[in-house]
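Some notes on the structure that comes next.
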Amino acid sequence: MSSVEKALVIRHREVVPDYYELEFIAPEIALEVLPGQFVNIRISDSLDPLLRRPFSVYDVDKKLGSITVFYKVVGKGTKLLSQMPIQKPLDVMGPLGRSFSIPTEADQVFLVGGGVGIAPLVYLSRVLSSEGIKTKVLMGASTAGFLAGKSMFEKFGVPFLVSTDDGSEGLKGRVTQLLAEQLLIDKCDYIFACGPESMLETVTELAMEQNIKGEISLEGHMACGVGACLGCAHLVKTGEGQRYAKICSEGPVFKIGEVLFHSQDER
Amino acid sequence: MSSVEKALVIRHREVVPDYYELEFIAPEIALEVLPGQFVNIRISDSLDPLLRRPFSVYDVDKKLGSITVFYKVVGKGTKLLSQMPIQKPLDVMGPLGRSFSIPTEADQVFLVGGGVGIAPLVYLSRVLSSEGIKTKVLMGASTAGFLAGKSMFEKFGVPFLVSTDDGSEGLKGRVTQLLAEQLLIDKCDYIFACGPESMLETVTELAMEQNIKGEISLEGHMACGVGACLGCAHLVKTGEGQRYAKICSEGPVFKIGEVLFHSQDER
Amino acid sequence: MSVTDKKTRKKARAQLNLQVNLGGMQLKNPVTVASGTFGYGFEYEPFVDIAGLGAVIVKGTTLEPRMGNPSPRIIETPAGMLNAIGLENPGVDVFIGEYLPALRSRGVTVIANIAGNTMEEYARLAARLDGQPGIAGLELNISCPNVKQGGLQFGTDPVMVKEMVAAVKSQTSLPVMPKLSPNVTDITAIARAAYEGGADCLALINTLMGMAIDVDKRRPVLANTFGGLSGPAIKPVALRMVYQVAQEVPLPIMGLGGIMNTRDALEFLMAGATAISIGTANFVDPMITTQIIAGLQEYMEECHIADINDIIGAALPQ
Amino acid sequence: MSVTDKKTRKKARAQLNLQVNLGGMQLKNPVTVASGTFGYGFEYEPFVDIAGLGAVIVKGTTLEPRMGNPSPRIIETPAGMLNAIGLENPGVDVFIGEYLPALRSRGVTVIANIAGNTMEEYARLAARLDGQPGIAGLELNISCPNVKQGGLQFGTDPVMVKEMVAAVKSQTSLPVMPKLSPNVTDITAIARAAYEGGADCLALINTLMGMAIDVDKRRPVLANTFGGLSGPAIKPVALRMVYQVAQEVPLPIMGLGGIMNTRDALEFLMAGATAISIGTANFVDPMITTQIIAGLQEYMEECHIADINDIIGAALPQ
């Protein structure tokens, strides 16, 4: 069950410019959280910014009762968060949302992350490995300096390949190109992906072409985080047609093929 | 001329419970500021709290270019301010308002402060002393623990007497009683007072009864601090009748007898 | 606090009366949750004892299921947020068949919130909900920006408001609470019309109509262009309207709009509201309702007020 | 930035056009300051080159001096503030005799803001100001909560608005800019009425009517009970009204309400405002106007926009 905790910040550092790792003690959340779930953080007592901000769980230390999130400074809230000193309590609500499933039949799975979208894939990769499922991480960034999650995969010994838009490291191009290449040369039974919508759309196309099952994690503007406000709607397919699903409570993890993208959703 | 400075906080401590001393580097303001003037502080970048908060200048170090304010935590803004770490820049606007005048003909003057109202009297007492005017400070608080400004007067060797509502130190009673007593037994050519309105009203009555001139420093809700918004109006007497004066720019220091109190102003 | 202190306090609390009567609806306490901000209550069960609330006002219900608007549906604004959900809901039959029984079994005081495209739809919804066990009253959302008739919104025209309320009243024995739009020149005129139409109480306010522009994309942020502004930003406007209506119309008021804490709740009660609703604040702090109920009790103890009804309207002119 | 970079930038800036025409008023740039928030300009001279502003809209002026309301006149609210100044001002003669010459000698573009108790007072004020050198235009404050006629505020009744604008127009050769109240059901109806009365441009919005209650004293905080809500809290409402009116009425708009930074200013321009006013933000940051002018230039450079007029209305439906 979700709860709200006053979580003591024990570690907070800028990994690469504008990307931060933040670790805090939240035993109840740490105990329950599954890969792909998120926490909703109240960044300040002030009424501006007003709403909580959602962040995927990057890693968990179940013994210590701590949770790490990995975030990028993009606006007012994340800017403020980046100034949060350690040893202060943070108001954290979680765990929220549906987790990734563990494809126990799979032999090898691909984890595809674009930018800060690698956040939920670290904890997932650890759980998959512990279940004896081989994982290969494909991660992309605009340039080598922003490949921030590498150290975590290195730390946990998860094999990974990278792409950068400017070719400063790994394949020059999008991470979806990397995925296309890898699908040609390596076995993949299941795909997990998180990143910008355009990336997720391409991942969906690639997976469906090759008939590979998988799951993607979406983002969206949120208010409540618990399915009450209907603010975080995303169009999904249903038997008969389409409907809006709540990213926070029916997602953020959706099956590949279930989600409808821009082209249908946006003006 | 007033300016806005990004002032580095160099000292910040809780003197007695809820009363803080805050020192910051603001060379342009420090150079110009006179006793009785105030600064307007933007406490956070957030839009809540939105407006700046006014604080009297408690002390100045002209050499260092620093200013100290002395404040009490009473609400959202002062609470937030109390959490301000040192070595961070604070957005300070000043100096603002009219200063106390220096009654060069006076031999001995009384400085009367109620609660946090002693704030502007410290710097004033130093300037008066340097002009060779004898000063006697009368300060009141609810209880001994809140007589926070004492250390400053001790430091600068300014003689002072105290009163407390509960009698835990000095005279048991209001500081205005202390003033009444002192007016009977000691010479006073001029009175300066700062504190709650009810106190200022009584000081005014006592001074006028005895035909002693003087000045009082008012507080009020402020928005602009520069006389532009007309938000900080206080009723004053004019030749023909009455009008609203701007506390920020025509005050906060007013001549004794000039200001009209509650009884006339409020519903 | 010593053990004896705690005991005395507990005893004192037991003697406090928090119960209020909102136009025939008996509420355990004046703290309710606003329609559309608390789902059907279940979503907040991990955080709140929902049966302990004065009432749960559920998400707006229509005759037929509604899909709602495209995304983005919400965006934060300074001390507020805009929403354009578009009344997404599964329709009245699912509400009656699935949600209502579950709420009833939990002992929740339920106020149903209804919306339609025409006056007739409102009347049919009222008829359909009449006699359904477990509903304490009906809130009429006549202030939804989607609902228009003859080019004008129902909620902004006194004549239509009066007719609408009368039409609904004729179909139900439940207390009827029209929820007024703040996007009007004279809120007291609308409130009076609702009174004349037979309303049992009034809820005010719904959201202020607003918008935001995405400077990079050079177009409105919300897919629906306009949205409803809620949260602390609108509190001064909401409070003003409650204060005005409380003086002009002899109906109990459910006050809402930007309430974030106990002091805000007290402001509304003192402005003349008999009960209050918490909306956007639930998103910020999911346990806020429980905290405000406790906060009201503390306030009553400190100020020696035995009955919450004694402070209702305390700030109104004598 | 290297020296050559700086030079190129300076050159680029020189070629940017920030000038706008607001219904006959030529403004150096679209950034003006809102009436009542900038005094007569002098108050902000330590912080701002007031002649560099698009215009200074001075404090509301009446025929006779006004004393204003008792205190408290202002109170902060979440991301906003309430004010009930009560139009304190020294009267039109002092304005013409003392303030105007001083502003003129500094090269400030001045827009006078006028208010009265009756339509006749407005007309007389307009006549009195007509031909006074140094005034670029007249802003009509028809939205002040103090000003009533026949129980209704001028600014909320289309018929009165039209008459009022026509009455003022007949007395002056200056461009006339009615400033509209947001406390209305349909802002476009009021805007159209002003247009039909002969307005040259429109300013929107004035403050939303709100209040706050002092829980300890159990009475309204403001001595005047009600006050006008301004600041970022109201920005979504202001922006929505500008966007609506820009589509319905063929008049240039001065947009204001809660603008705090360059992005906010751009939102209003994209919503269809030809110029913008900064009000409450001056209190928060006295140098904000200068910063927004620079910010607009930076934005234009980054987006390769040579003329600010090219982004006006960019977010309106095609």
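As written, the chain order gives the labels A, B, C and D, with residue 1 at the start of each chain.
Here, a residue touches a chain if its C-beta (ideal position, glycine included) is under 8 Å from a C-beta of that chain, and two chains touch if they have at least 3 such contacts.
Remember, it's a predicted structure, so these values are computed and weren't measured experimentally.
Looking at subunit B and subunit D, the chains that touch each of them are A, C.
Among the pairs B-C and A-C, the greater number of C-beta contacts is found at A-C.
Mean C-alpha positions place subunit A and subunit B at a centre distance of 54 Å.
Chain centres here are Cα means. That of subunit B falls 46 Å from that of subunit C. The centroid of the Cα atoms in subunit A and the matching centroid in subunit C are 36 Å apart. Under the contact definition stated at the top, the residues of subunit C that touch 2 or more other chains are 78-80, 231-232, 260.
Shown for subunit B are the residues in touch with two or more other chains, namely 47-49.
Because contacts link each chain to all the remaining chains, their graph is best described as complete. Per the touch definition, subunit A reaches subunit C in the complex via residues 1-4, 42, 47-52, 91, 93, 220-235, 243-244, 249, 265-267. Contact residues on subunit D toward subunit C in their complex (touch as defined above): 77-80, 82, 156, 183-186, 208-215, 218-220, 225-227, 229, 231-237, 239-240, 243, 258, 260, 263, 266-267, 270-271, 311, 314-315.
Those residues of subunit D that touch subunit A in the shared complex are 78-79, 232.
Residues of subunit B touching subunit C in their complex: 47-48.
By the touch rule above, subunit D contacts subunit B in their complex via residues 36-39, 43-44, 46-47, 59, 67-76, 78-81, 83, 85, 88, 223, 231-232, 260, 280, 282-287.
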